[in-house]
Each structure stands twice: as C-alpha cells, then as structure tokens.
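Next come two complexes, and both contain chain A; in the first it sits with chain B, in the second with chain C.
And then the complex of A and B:
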C-alpha cells in the first residue's frame, strides 16, 4: 500500500506555501553572515594596516622582504599592486612595478637587434644599474632584484607582445618576442651557454646525440630570429649567442 | 650579569698587575671560528667558557663562573652582535665625536695645550675612560636592538621574516572566511538575480567596497561603477595622447598601428607618476571602439599579439602595399638591374643572366622597412596577407619569405 503521498518534505511545504518562513530564515542567516563577514574584513584590514605601516620602509629598501611579502599576499587573494584606490596605495608598490616594467621593456627593445629578443635577467639588471636607474617608492630610492624584474615581466605579459621568462640552464632569461621556443631550442642555447657562447653543429650532436636534421632545424629558427649569429671561419661554422655570451662574462 | 662586562674587555688576569685592553669586535676572527663555546666537561674543563680568537691580541678565554645558562645567553648576543657589525655605523658617529673633542694640536699656544691634551689622552686612566664610554654605548645599543618595546627599525631580518609568517597565518584564516562568504554571495546572486532585501543589497555593496579597499580580488570586486568611469576617462586620455603621435597617426605620417607594449611604455612615460597597470590599459583600450574614439584594440589570431589600430586601418591596404613593393622590385630585376635571376657558373667562370621573371620574396624585416612598422607587426601583416590569399610563403633554411600568391590568379 502506498503511503500517503505529498505529506511531508519540501514538496508538501511548497504546496502549503510555507516556504516563505524558510526564505525569511535564509535571509536572516544571510544578513548575520554578512555582518560577520564584514567584521572579518575589518579585522583583516586592521592587521594588514598595522603590518604595512610598520614595514613599509623595509618593503622599499629590502628586495628579499618585498618579494616575501608579495608571495604572501598572492594566495590570500590580496593584490597590493592594484591601481584601484585601496589602502595599499600609500605603499606605492604599483607605481614601482609599473615603472620597472616600462624600463625593462625599453632595455629589451634597445638590445633586440643584438640578441634577437632573448636576454638574461642579470644582463637587464646590470644595464639598468649601469644607467643609474632609480625608482620612486615611498619616495625612497630602492634597489631592485631579479625577483622584482620577474614581477614586472609578469605584468608585461598581458600586453601580448610575448614578454615572458624562460629558464636556460640555471639562468633566467627574458623573451620579448612572441616566437615560440620549444625544448630543443632551449637546450641548444643552454649548450652554447656552457660552451661560453659559441658552438658548432657538430658539437651539438656530439654533446647530446641528436640527428643532424634536428640540430639544423633548431639552429635555423634561432638564426632567423636573430638570437644566434653565424660565423664562418676557416671552413667551420660557429653559432654565437649574444644573450648567453654576455651572461658568461657578466661579473 | 657579570658576563656582559666582558663585552669589550678581556678577562681578568690573575697576575699582580691588572691590565686593561680594548679589543674591538672587528678584531675578532670572522665567524664561525672567531668565537667558540667550550668547556663544561666533567673532568678537565669544568667551567663554561667562550674561546675567542682575535687578530690583534691573540686568543682569549671568557670564563663564566655562573654556569652554562649565562654563557649561552651571552654567546647568543655576542654572536648576533658580530654578525650585525653595528660598529660600522657607530664607528662613523664616534669619528665625529672625536673630532669634536680634538687632540689638542690646535691654534692656541702649542706647548701647554699639547701637553695638557697628551696628558689627558694618554695614560691608563684615559684608556679606561674611553673603554667605559664605548662599553656604555654598546650596552645601550644592544638594549635598543633586543629590547621588546624598542624601535621597530632595529629589528633583525629573522624577526621581520617571522612577522610576515605570523601575518600570513592570521590573514589566511580571515581571508578564508571572507572568500567562503563571498562565494555563497555570488552563488545567490547568480541564482536569484539579486540578494533579496534592499538592506542586504546595500550591505553587499558596502562589503564590496571594503574588499576593494583592501585590494582583495574576488568576482564581486571586479568592475564597479567608479572603475567604469575611470577606464572610460583613461580611454579618452590615451586617445588624446596618441592623436599627436607621429608614429601612430596616419594623418601625421604614421602607420596607424602600434603594439600595446609600445602604447603602455609611451603613455606611462608621459604620465611620469601614478602609472597605469597593463590591466587598466587593456580595459581602457577595450572601450575605445564603443566610445567611437577612432581607434580600437585588436588581437591577432595565432600569435596573440595585441595592437591598437586606427579604425580606418585595413589589412588589405597593407597587403596591397606589400604587393606593390614586390612588383616594383620585380620590375627592376627584369630591367636587368640587381643580381636576381642570374647565376655564376663555377666551372667556366662565365656569368649567365637568365631573363626570367624574377620572383622577389619578402622577409619580415624587409616588410618592416616597406610598411614603416616594427618587424613584429610586419610579420603579422605578412601572415594576415597570407590568410587573405594575397601572399604565400616559402620556408627555406635561410628563413621564411613571402611571395605573391600566383595560385589565385592562375586559377581565377
């Protein structure tokens, strides 16, 4: 025998029009949760303000601390670099990174004809230091680290000109062209780096055992992009990579 | 504790004549060999000591008669002090002080003054006095550095790093709660198309602005009304800024196209302070078309290259320019100029010129020169022309060249 249908459960309530009670209760719960959420937000704001006021000088002066601070903010979903008016604005970190981004972009463009659009972070850093470039951050002159440059590159990425970082061996390189470099290309550049900047096609096959075609293909792309320069000397063809050649001579 | 007094002085000798030496911390051998905790053995070496190796005065033992705790506490502070090298700052200050005191070789009568001065500056008493001054200063500095209510700027790196950790832990909890709540709020918004009562809606707006004020990234804080007007205003500003730019504006001799990176750098440089973020730029440029500002944001398929171009900009115009250039080059070749279409026979050394309609291919670099834009953009134009059937490419070991697409005309 079937039990009486529609007696209990949400269906019954809906029929009887009792859902309004629950809607009201839901609203109540929502409002109290909202209040508690706002309380939490205010609490958080107090903590962050206290921290920022105590440490803003260190953030300006110490790149390692600055980096640690940023990496702490990221998983919290807090963005101190936002240009929207927030209480982080007084830190002026956004200004710093945007200015750094502009300067890094300019250096990359200036050197592109020389290295084809790939350049080590260290080299960019030394160019900027040599030029005596300073930045304004809390009106305190700062020193900037490779990590800072990486953050700046991250910002430039969105502009669609292909700015990104790539690791070649142990060195972080900046790419400023949209050319796609696959693992083969990176390996060839790495070999050149180990060899002090110049290699021959044969040395590549000797060192990592690729077939001639594979080596040629990778090298041809690098050549056509201007990242490698060919030097025909005494019957041998040397391929020079200005981006890593410089790097191995940077003090 | 007695151990602190050993800061700047050596240990008390048990000799009949008491001697005082001043040993500056910089004279201690670099860590980890400079100072070493020793002693405390059950048999030979009962007392707790610190072995100190100095460059100028040889080796010392600092003996702590009150035991291990004393010795360890002092060792800790001592080590920190040696690491911090505070004297490099205080030494400079001391220099200034000493010139104030003067060594007495001054302007007044030489004999008396110098005699007095030397009497004051030399001698055991003087040395002891100076020691005491330095000792007092060091004590004060140490207290400042390690005191609980001391100024924050004397914090060590470790202490600061710890504070970051603490903040992170506390903030993580709080942000977790906030995100959870925001998620439920968004869900409700999507479901009901509103949060119900008017009060709740007001509160939500307040919450949103609070979150925004803290720089928290949530779906709620994405685009507020004030942001919208900011971006629109920015769009107009950038438009005005570029309207006088010779590289961009066609009516000023420009190409009518520019990469976002170039726009970003140019505009921010001109702005000088309060620079905009790339996100702002993209938002602003995205609105230009709607606002009929005469230029718009464009993204190329495939490469993802983003540009700003004038509304009148037309890829086919560029393609036609390229073809015109190719044809004029071909014309020149056929007239016998240039070396295209000729070859040298290596065997006979004769030069034969074949009168053939030479086909000239363009590289991105050459196209850049023709169109007066950057190689990056020229490449995009070549690709676009290829897409539209005007050109076709030839990939060789020497690179990629683009030629007129004769397939189209041949089979037309």
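And then the complex of A and C:
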C-alpha cells in the first residue's frame, strides 16, 4: 500500500521542525486505524456469512428477518442479491427479488392507464394477494413484505427501467413512468392524500401558500400524465388522484 | 327476481362523471363506461337502454351525475363501438348488442364447423336453446340478434336460411 506518510512527513519537516514528530505519529495512527478497520470489516463479513448459513431458512420464510439481514449487509457493502460470489448464491435471493420485481412491474403496467403510472406499494400488494401470486425463496413459498417490494424496485432501478419509489406523506408509491416528479408535485399529491378526496387549485394555494401559476403548473403536469382526473361539481373543479384514492381503500 | 348488479369501483370515483379533458385519460374513461353499460345490461338481461332514465348516469352515494352533454358523448362512443344501436331517430332508445353481430356470426360458424353441421341443417331454435350449444356465446341469444348474425353469414356465403312452419323452425344450412 502506498503511503503518503513519507511525503507529508517531509513537508512537515520542511515547515516546522518540532511538530514533524507529531505529524508522523498522526499518520501512523491513521494507517493503523485503517488497517484495523479493514480487519474489522473482514471479520464482520465472515460473521455475516456464518449467520446467513445458519439462518438461511428463516431468511427465506420471514420477511421481517430477511429485512433485518439485508440491513446488516448494506453497510458492509455486501449485496447478497447481485454478487457473483458463488457463496451468496445459496441464498437464492437474486432470483426471488427478480421474480418479485417482474410481478410488481406487471401490476404497475396493468394499472398504468388508470392511475397515470403512480401506485402505492400497498395497492400493488393487494393486487398480488388477490391474484394469489406466490413466490418461492429457497424452495419455500414465502410471504413478501413492503420492504421486499422496495428492494425489488431497487433491483429494477439498477436495470435502468425508470421504476422508482417516491414517498408521499407516510405512503410509499411506485413510479413506473419516466415522468420527473419534483417536490411540488409530491406536495400536491400529499395534500390530496390528507384531504381524503378531491382538491381544488385554490385549496392548494390556501394550504401551502403558492401563487396560482405554481399550483397550476404542478397540477397541469399531473393531469396530463393521467395521475390526476378532473371532477366538475357545482361550478368548481376538483382534482382527484386514482392512486391516492385506491390506496385509501386498501386495509 | 333480478339479480343484483355489482357496480365496478370506478363508479364511486367522482371524476368518472366528468368527461376528462386529457385525451389518454378520456379514452380510458370511455372504455370503462362502455364496459359498465354492457355488463349492466347483460347481467340484468335488459335489452334496451332508455337514455332518459338509465340508472347508470348518476351515483347518489357520491352525489355525482353525468350532465346531458356527457351522456351524449358516452352514448355516441358506445354506439360507435358497435355494442349498441339506436332504435329510433330521436336517439332515445338504444338496443344493447352484448356481442356484436359479427362476433356472433363467427362464433356460430365455428361451432357449426366443430360440431359437423357443415352441409347439414339446424333450426334457429336449436341455435339459441338446443342441446349442443351449452356455454356457447349465442346460447339464449335474442332471436333478432341471431338472425342478424345469420344474415352476415349468408352474405359471406357460409349459410343459407329457409322458412319453416313456425319462425322457430326456420332452418339454416351451413356451407
């Protein structure tokens, strides 16, 4: 490993004769820390793989456990889904999440014309449930959680498919169209969520304080993308969001 | 006792009753209205839609109803799709064609072919209520609709019709 220690040391020596001693020591500590940090990570990885081997059945059966396992892997830079190391392939997680991703994408496409390409994870789950779609992980038919769906979407994202999640209030939505939704759009959708129904342009300005132009711009995009529908009632125009409306049905 | 009709979810969605300005959304909406009209009348076995008092135009539960312009748009679209035809000039009554005559025609011919009726004869009665037609799309079909389908087949040279003693005994020979 290349050390910068020498150069820094020389530089320090050049600047202040006495403090060069301390700089040298500081560099020593840095290197040792890095070495020991890497050693720690390696140890953690070994522990993690032992863990995976011992608990692979639970990882397969229990979505919550699986989620915890994945969150242990992430900070170590371990990805049991895509790593080519034959070791992790015994978990078969790559296949599981791939299948889940495909099914989620299918549902999103099927409902796209109705909701404009934005759909809550809860709603996707309820559709898959209704259809009786099952997934296998490690030969075991398993349940899948909203977290699993988020991981699956992450996989789709890696393939550059334009799928991503967006949080609207407390609800995770899946975006399956390349439409760029900025914060303004998300805020408007959230308002609709809070309102529990249709909202007017005026109510948006009243509640968030934007000028009319800004509200109209955001709403026009959502309307033109089919994410919002118009409801003309008693001389007023209300905007409703099928994805929000549907999500409110799902228990 | 007429069976209850299960309204689709979209019927409770307020904007369903406003014709959508965005084209792609409107197309989706029109498709849903066509489906609703067709399935409502088919499942309750109602043959004619009377525009002025069709219960589909309003949903009291959500306080929404179609205005007359919207009703016109929806009816025009429905008739154009081939699933309905006006019974009168003033467009107040629309006969529901739950299957388009062309579809029925090809279903009937396929059935005749599969069941060895080519170059053989069957009666109109047998077509809608006979023993061999269980599960066929034309089972229990309106006679008027059946005859239209058969006319199409005749024009295509796939069958010929001849009179029996009663209209039910009118015969069809398939080629």
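One rule holds in what follows: the second predicted complex is superposed on the first by the 197 of 251 C-alpha atoms of A that agree within 3 Å, B and C clash if a C-alpha of one lies under 4 Å from a C-alpha of the other, contacts with A are read in each partner's own complex, and residues count from 1 in each chain.
Basically, a contact is a pair of C-beta atoms (placed from the backbone, for glycine too) under 8 Å apart; a residue touches a chain by one contact, two chains touch by 3 or more.
A quick note: this is a predicted structure, and the numbers were derived from the prediction, not measured.
**Student:** In the overlay, answer first, second, both or neither for which of chain B and chain C A:231 touches.
**Tutor:** second
**Student:** Answer with first, second, both or neither: which of chain B and chain C does A:98 touch in the superposed model?
**Tutor:** first
**Student:** Looking at chain A, which partner touches more of its residues: chain C or chain B?
**Tutor:** B
**Student:** Does the superposition put A:114 against chain B (first), chain C (second), both, or neither?
**Tutor:** Only chain C is touched by A:114; chain B is not.
**Student:** Given the touch rule stated above, what does A:198 touch, chain B (first), chain C (second), both, or neither?
**Tutor:** In the superposition, A:198 contacts chain C only.
**Student:** Of the partners chain B and chain C, which touch A:75 in the superposed model: first, second, both, neither?
**Tutor:** first
**Student:** What is the shared patch of chain A, the residues that chain B and chain C both contact?
**Tutor:** Dual-contact residues (chain A): 223-224.
**Student:** Can you check the complex and tell me which residues of chain A touch chain B?
**Tutor:** 27, 30-31, 33-38, 40-45, 47-48, 51, 54-55, 57-58, 65, 68-69, 72, 75-88, 94-95, 98-99, 101-102, 105-106, 136, 155-163, 177-178, 216, 220, 223-224
**Student:** Quick one: in the complex, what on chain A touches chain C?
**Tutor:** 113-114, 116, 197-198, 223-224, 226, 229-233, 238, 240, 242, 245-246, 249
**Student:** Which residues of chain C touch chain A in their complex?
**Tutor:** So the residues of chain C touching chain A come out as 9, 13-15, 17-18, 20-22, 24-25, 28-29, 63-64.
**Student:** Provide the residue numbers of chain B that touch chain A in the complex, in ascending order.
**Tutor:** 152-153, 157, 160-161, 163-164, 167-168, 170-172, 174-175, 177-179, 181-182, 184-185, 188, 195-197, 199-200, 203-204, 206-207, 210-218, 227, 259-261, 264-265, 268-269, 273-282, 299, 303-307, 376, 397-400
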